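There are two complexes below, and they share chain A, which is joined by chain B in the first and by chain C in the second.
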Partner chain A sequence: MTIEQFSDLIYSLFEVTPSNEITPATDFKELDEWDSLLALEIIALIDEELDISLNGDDIRNVNTIEDLYLVVMKKKKGE
Partner chain B sequence: MALLKYQNAGITGITAAVPANLIDNLSYTDHFENNVVKKIVEKIGIYKRRFVKDGTCSSDLCYAAAEALFQEMDLDRSKVDMVLFVSQTPDYRMPATSILLQHRLGLSRDVIAFDINLGCSAFVFALQTSFSYLQNTGINKVLILNGETRSKVYSPKDRKTAFIFGDAGAAILVEKDEKFGNSFFSLNSDGSKSSFIKMDGGGYRNPSTIEGLREKVVDEYGNIRNDEQGYMDGESVFSFFVNEIPIDIKRILKFSSMDIRSIDYFVFHQASKIVNDYLIRKLKLNSNKVPKSYPDYGNTSSVSVPLTMVTGLKDKLAKKKILLLSAFGVGFSWASAIIQTQDCFIGTVTEI
Partner chain C sequence: MSNPFSLAGKTIFVTGASSGIGKITAKLCSEQGARLIISGRNEERLNETFSLLTGVGHEIRQMDISEAENITGLIESLPQIDGFVSNAGVAKLSSIRFIKEIDLRNILEVNSIAPILLTKQLMKSKKLKNPSSVVFTSSIAGMYSSTMGNSMYSASKAALNGFMKNAAVELAAKGIRCNTVNPGFVQTSMVDFALLKEEEIDDIRKSYPLKRLGTPEDVAHGIIYLLSDASSWVTGITLVIDGGFTAK
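Right, the complex of A and B next:
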């Protein structure tokens, strides 16, 4: 999965944020639409789409979508 | 490995009781902005809850449910051999609430009575305890009294928990009978995750203090609570759930040698829409087989499993049915069970 595809996947969870505001460099937790329930939805989505388990710290310790992508890819390799 | 198999024990009747005081989640509090509340409520799918009035305890809900059970099943209460009170909101630190209920319900002094102190997972542990006791001669009827008043536990100013929990009680009769066949339990515990859901103050580790009861801002979101109100790290809880619960359900299916398609109903802990919808998708379940009570009652902690049976399976358990139960929560503690029901009486939801 490319980072662009990953970014699109994360974007699918947002309902009102315009698509041009969500790029790999986006600090997604600074978006108006961000809340802790979106973190749960990201955990579920990454599990269902990529079969990767994220934990609470994985979400807490990253800022941008690219950071999250790198965490996911690292876990994917570590399997 | 706590994988257990029993024969000839099963649930023969259930009733529930809830507070008459109805909470409309959208207008529950004006502490948060309306659009924030609307978004939370729609995502968690919890629109209504019931909150007890001051002075009403979990045991009062259980008492009302038990009286209804005795009456509706025309049950001779002197025949009850054991009473388990299942809750983390007891009347007192001592004595055990089960013993107070023995007296209040007019049960025999011969009765075995003790409390089970677990959270959302507790009903499955209590059911296993009852099945285990029923293997003994001399124990034929166990009364499980499962009640929670979580409205008293969480801060209305902490958005991580303010909109989720509700109050309810249930009375469950478990009996010995050959018609029930085999039942299976998987019980699990992991104390390394104790900080996921916790109330820090008010116990003997951190006794009550004036300072501990003072409200404070606890995080960067401006959430407010005191040390004697519970908190929940939702991301960690959800992540644990995603990693462990589908595995535990598959484990109990394998242990029972049953195919998931042979399960008639799946009764899950009613954590929230996010949690329950995930499980339905992950296990590829037909949602008609997964009753839910969270939209109308919220997450009633351990009562959610029996309450969902009462509200969602009325008139559906007359013939022989196979149920898969799964619940998880504070501890961390999680459990799954496959049980059989036949002629299971599903009574009313009493309002008090």
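Right, the complex of A and C next:
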């Protein structure tokens, strides 16, 4: 999965944020729409689509979508 | 003067005793003079709870009560008891659109079905004395409030409250009282705090009129009241222990 595809995947969870505001460099936790429910949904979505288990700390320790992508790819490799 | 809150001479069976509210409830019940039979999934943590108990004669039953076939044997192995604390519970947060059937079934299995089957088997095996007391650890979730992502847990606890009301009326003739404790947000390992921003945790704390989250001790004290003779004329209640949250 490319970073662009990953970014699109994450974007699919957002309801009101315009698509141009979500790029690999987006600090997604700073978006108005961000809350703990979206955090849960990101974990669930990545589990569902990529079969990778993230925990709360994984989300807490990243800022941008690119950071998150790197964590996911690292876990994927470590399988 | 005798202490109506004492549990001296009583035998109390506690599920979910390996951590959180169950662990502290077992410890404090033993300090009130009770003899404990503690059950839980994790042997190591159950032994840790056991080591905290005051007094002698306590017993351990290491078991996963979500496996229905374990329940009959577990109950058959018990002596006659004066109190049952149905405390084992699990939680998993999920938005509604990401609910997984396997998670939903597991939560209902542990939080609703196991307490009902344990109570059924205690009745069938005539293990509850006359008088005795059953206390279910429920929650304000499902009855009094909701929080983001907590729908599966809320549903399981609402089911438990409904069962308790029926059990209270049906078992009253046998001298068995049934009640729930319904805590607000208690700091235990059940909640993954890492998902919450500092501000969100702070907001939760501030949303409680008493300006703090609950402790396992806060809940255990309510359970001890409901187990003790101090609550002899109390059955069918939901004892809310929530720092004033639902009073708002």
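Note that the second predicted complex is superposed on the first by the 79 of 79 C-alpha atoms of A that agree within 3 Å, B and C clash if a C-alpha of one lies under 4 Å from a C-alpha of the other, contacts with A are read in each partner's own complex, and residues count from 1 in each chain.
What we mean here is this: contacts are C-beta pairs under 8 Å (C-beta built on N, C-alpha and C of every residue); 3 or more make two chains touch, one makes a residue touch a chain.
The model shown is predicted, which means the values in this text are computed figures rather than measured ones.
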| item | value |
| --- | --- |
| Partner chain(s) touched by A:36 [first = chain B, second = chain C, both, neither] | both |
| Which superposed partner A:44 touches (first chain B, second chain C, both, neither) | both |
| First, second, both or neither for A:25, with chain B first and chain C second | neither |
| First, second, both or neither for A:56, with chain B first and chain C second | both |
| Partner chain(s) touched by A:1 [first = chain B, second = chain C, both, neither] | neither |
| Intersection of the chain A residues that touch chain B with those that touch chain C | 35-37, 39-41, 44, 48, 55-57, 59-60 |
| Complex contacts: residues of chain B adjacent to chain A | 36, 39-40, 43-44, 160, 221, 233-236, 238-240, 242-243, 274, 278, 281-282 |
| Chain B contact footprint on chain A (complex, rising order) | 35-37, 39-41, 43-44, 47-48, 53-57, 59-60 |
| Footprint of chain A on chain C - complex, ascending | 93-95, 97-98, 148-149, 192-197, 200 |
| Touching residues (chain side chain A, partner chain C) in the complex | 29, 35-37, 39-41, 44-45, 48, 55-57, 59-60 |
